[in-house]
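Chain nomenclature is as follows: A, B, C and D, assigned in order of appearance, with residue numbering initiated at 1 for each chain independently.
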Amino acid sequence: MPVPTLDSLDALRLRVREFAAARAWDRYHTPKNLAMALSVEAAELVEPFQWLTAEESGSLDPDKLEAVRQEIADVLIYLTRLADVLEIDPLQAAADKLELNARRYPVEKAHGNALKYDEFSE
Amino acid sequence: MPVPTLDSLDALRLRVREFAAARAWDRYHTPKNLAMALSVEAAELVEPFQWLTAEESGSLDPDKLEAVRQEIADVLIYLTRLADVLEIDPLQAAADKLELNARRYPVEKAHGNALKYDEFSE
Amino acid sequence: MPVPTLDSLDALRLRVREFAAARAWDRYHTPKNLAMALSVEAAELVEPFQWLTAEESGSLDPDKLEAVRQEIADVLIYLTRLADVLEIDPLQAAADKLELNARRYPVEKAHGNALKYDEFSE
Amino acid sequence: MPVPTLDSLDALRLRVREFAAARAWDRYHTPKNLAMALSVEAAELVEPFQWLTAEESGSLDPDKLEAVRQEIADVLIYLTRLADVLEIDPLQAAADKLELNARRYPVEKAHGNALKYDEFSE
């Protein structure tokens, strides 16, 4: 049976919701617990990179790349679930945040540096 | 000027890519650095919940909810950027992982508990 | 052969330093990498708690408690190593931070609540 | 009034315990919450390093070094508090873990590489 593909973040949201409901996991899926779980998965995503140089991190061997791919999946799954529980639209949130970032990081100040917006000289 | 909405994760991927390119941030955006940045944002998402009870975490006041919404955005932005740099399709990765999870967590074993798949009794 | 005990944080610092030197790990032990490794271990310390209620988290079964004990050890080892590489005295840093916290969180304002210091009403 | 120094991890443990008791924070200090708080501080310790090269991370400017010093303090404070609540001796735990690591990472196999112990060839 082929893996059913997902054509949108919204389809993922519904599939994850069903997955949790079928297992009666809703009582575990408080926002607090989901945020924790997401941060644990984020750390598992960091783990394969921790001793690599910047260069090495861009040319992972196939096993590590597959491990990273699975951790990216886990982060996305928990992020989608958390947003669903909180009734937040993550794509709209990201669009809004990019707008804010565009104001905070104008090209002429942010070009070629990694300063935080509160570190820019006037 | 209204905020342009995003209608897909792929549209977000392209917008984040342009955002980084316009600021010449590509040299900072190694997979290693992006994974770190994502984990930092994930922790910022945890922070508003750390002293709340499970119940409180489900009824955030509007200020905290907006803070959480922005952190969800940050996590999604970095996740999308990392996946783009690694040429990973995050939706497909999530679909594949849910398939794996469905095998690891069959309903009859996982129902109503939070055991890890390697903790199920035979 | 009995496990040699450690009678101080400074003794731990020296033992970890020798451990790394004997394996020629110094080139991996940049502050950046050590901070990452520490955060990964911190997440592994969170993991056993993520689906537990507050009450359950206070009465871990012996296996989980031993796992938690090992993660506490890992965090302390990397923290000690990072502080050593940066020539920071962690105990003095903690003493100074507690002084700062005592000013930020005066008993009469902080008693019985979990507000952040910038959330106190005047 | 000079800052009272701390001459041991055990003295820190008692001072943090008093600090929490004076503010009636014990009900917030469940193991679950303390593990979360520790991981949030660990991420704040990562944050100053996220866009730095390995080399830059070894020569922080004084402001960043002081920020890092404070985050090291925060991690140590929460680690000490968590261990106290769980009645774990962190120094003994670290001593035991270093013994385990010495067996897992024998010098002849671990020298000059960053492989995980389960990645060593036989």
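Here is the rule we use: a contact is a pair of C-beta atoms (placed from the backbone, for glycine too) under 8 Å apart; a residue touches a chain by one contact, two chains touch by 3 or more.
Everything numeric in this text was worked out from a predicted model, so none of it was measured.
S.K.: Copies chain A, chain C: same or different interface, half of numbers shared as the threshold?
M.R.: The interface is built from the same residue numbers on each side, given that over half of them are used by both copies.
S.K.: Please tell me whether B-C or C-D has the greater number of C-beta pairs in contact.
M.R.: Of the two interfaces, B-C and C-D, more C-beta pairs touch across C-D.
S.K.: Would you mind pulling out the distance in Å between where the CA atoms of chain A average out and where those of chain C do?
M.R.: Result: the chain centres lie 26 Å from each other.
S.K.: In whole angstrom, what separates the CA-based centres of chain C and chain D?
M.R.: Here chain C and chain D have centroids separated by 2 Å.
S.K.: On chain D, where are the residues touching two or more other chains?
M.R.: 28, 33, 36, 39, 42-43, 46, 49, 51, 53-54, 114
S.K.: Within their complex, state which residues of chain C touch chain B.
M.R.: Of all residues in chain C, those touching chain B are 36, 39, 43, 51, 53-54, 114.
S.K.: Within the complex, which stretch of chain D touches chain B?
M.R.: 28, 33, 36-37, 39-40, 42-44, 46-47, 49-51
S.K.: Could you pull out which chain B residues touch chain A in their complex?
M.R.: 3-9, 12, 15-16, 19, 22-25, 28, 30-33, 35-36, 38-39, 42-43, 45-46, 49, 52, 54-55, 57-58, 60, 65, 68-70, 72-77, 79-80, 82-83, 85-86, 88, 90-102, 105, 107, 110-112, 114
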